[in-house]
Amino acid sequence: MVRATQFEIECDFQEQTGRLAASGELDMVSAPVLEKQALELLERGASELIIDLRGLTFVDSSGLRLFIALNQRATADDWKLALIRPPEPALTVFRITRAEENLPFVDHPRTP
Amino acid sequence: MVRATQFEIECDFQEQTGRLAASGELDMVSAPVLEKQALELLERGASELIIDLRGLTFVDSSGLRLFIALNQRATADDWKLALIRPPEPALTVFRITRAEENLPFVDHPRTP
Amino acid sequence: MHEAPTEHARVKDSLELELERGNQAPAVARAALRGLCHERGLSPSLRHTLALLTSEVVSNAVLHSDGPAEAPILLQASIDSGRVRVAVSDAGEGFIEKPRDRDRCGGGYGLYLLQKAASSWGVESRGGTQVWFELSGEI
Amino acid sequence: MHEAPTEHARVKDSLELELERGNQAPAVARAALRGLCHERGLSPSLRHTLALLTSEVVSNAVLHSDGPAEAPILLQASIDSGRVRVAVSDAGEGFIEKPRDRDRCGGGYGLYLLQKAASSWGVESRGGTQVWFELSGEI
């Protein structure tokens, strides 16, 4: 039963808005991949970053740490972060730590 | 069997040399007492501090931390620290942490 | 309800797995636990917490153990009437860094999650290091 | 050697003591352990290490437990054929601080001493917090 972390990202950049859609499992293997994509969009000048987490089946503390860090950066550097709420299983880490209350989760994708 | 930490200090200051003789148990209760005395001697301008530990029956990590801090201060502020080696039972904490090798232990009291 | 009697006999299941120490160990551990839970009727929230805590503890063993890189990580799990116990053992000398190496500040979220969500948990250092936790819920 | 047979029967001794949570608890614990070791023929170095580690663990419970100030600290110790086991329990929720409270950097020497000197040790969080260790030596 050898199995690797399943993870995929789709990326889009239009009118200063960066969009990432993550699916699969977000853990110590995949969180750095998502981070890299997010930082790339910010370097390209995104003033808003929307990360769609609806495709995630699992998130661990690496994912939590990443979103906390991005959220702090957004406040510090004055850009906007939105996290489209993942399904129940992937919400567990945010619930236990009560980070759910402090991160910018939104329920529906905001289409422009 | 209520028993308090047994601890006593004798203090002497002559010709820029501060001398402290500690006896009993050096632990979280008594280490701050010894620290206070040591700092007082330094404030009075001691350029050498000799702490006689031969009367100690026990030293814990509070004692260890105190001597490490005093030793760092001595190096930084350019005064001289000497610790007259305690008996075996009180050496345990220095042995386990290998601090025995790095602290300025001396075997005999140096009389002026 | 209308379960077969054999189902009732299966009140205790367990798993013991040697994981190669590497990036994939957490995913393998999660998949193995998913297998163990399969059809055991554990509540979804218990299963999700179980996957999370197991993943954290295995990640820690991969990342932080000072044991040899080639020493495998042992994953043990058992379910006994709705109580799940997981233990993860590595070959490292334990948690405590030398006090003077203070380049790392504070802890992360892994052990904090255990403290918040597990009904009990612990760390044992006996040659290697073992981190264990228990979760209880409805079967 | 020429010990009385009754001495051989006394291979297991134990102690259980509720310590008031306060500055004096470490000294009381050391004195209690000294009592337990008395005439057991433990080597001096084992006795000294035992006093030190016990004192550290009790000091930690006094200083760091987030349990109520009036909750006592339970000290349990047993000697079994030259192996000593000590467990110290407090009413606190455990070791792990909230990750964002990072005002304290690195650890101190207490747990480091356990890691270096105990043959095994551990921390358990089950309602309260228990820290235990074992030392082995010649009886």
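As written, the chain order gives the labels A, B, C and D, with residue 1 at the start of each chain.
Going forward, a contact is a pair of C-beta atoms (placed from the backbone, for glycine too) under 8 Å apart; a residue touches a chain by one contact, two chains touch by 3 or more.
Everything quoted here is computed from the prediction, not taken from an experiment.
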Chain whose Cα centroid lies at the greatest distance from that of chain D: A
For chain B paired with chain D, centre-to-centre distance based on mean C-alpha positions, whole Å: 25
Whole-Å gap between the CA centroids of chain B and chain C: 45
Chain C and chain D, separation of their C-alpha mean positions in angstrom: 27
Numbers and ranges of chain C residues touching at least 2 other chains: 108-109, 112
Multi-chain contact residues (two or more partners), chain B: none
Graph class of chain-chain contacts, one of line, ring, star, complete, other: line
All touching chain pairs, where touch follows the definition stated at the start: A-C, B-D, C-D
Contact set on chain D toward chain C in their complex: 93-99, 101-102, 104-109, 111-112, 114-115, 118-127
Touching residues on chain A, where the partner in the complex is chain C: 1-6, 25, 27-29, 58, 60-62, 64-65, 88-89, 92-93, 96-97
Sites on chain D touched by chain B in the complex: 23-24, 26-28, 30-32, 35, 44-45, 47-49, 51-52, 55-56, 59, 62-63, 108-110, 112-113, 116-117
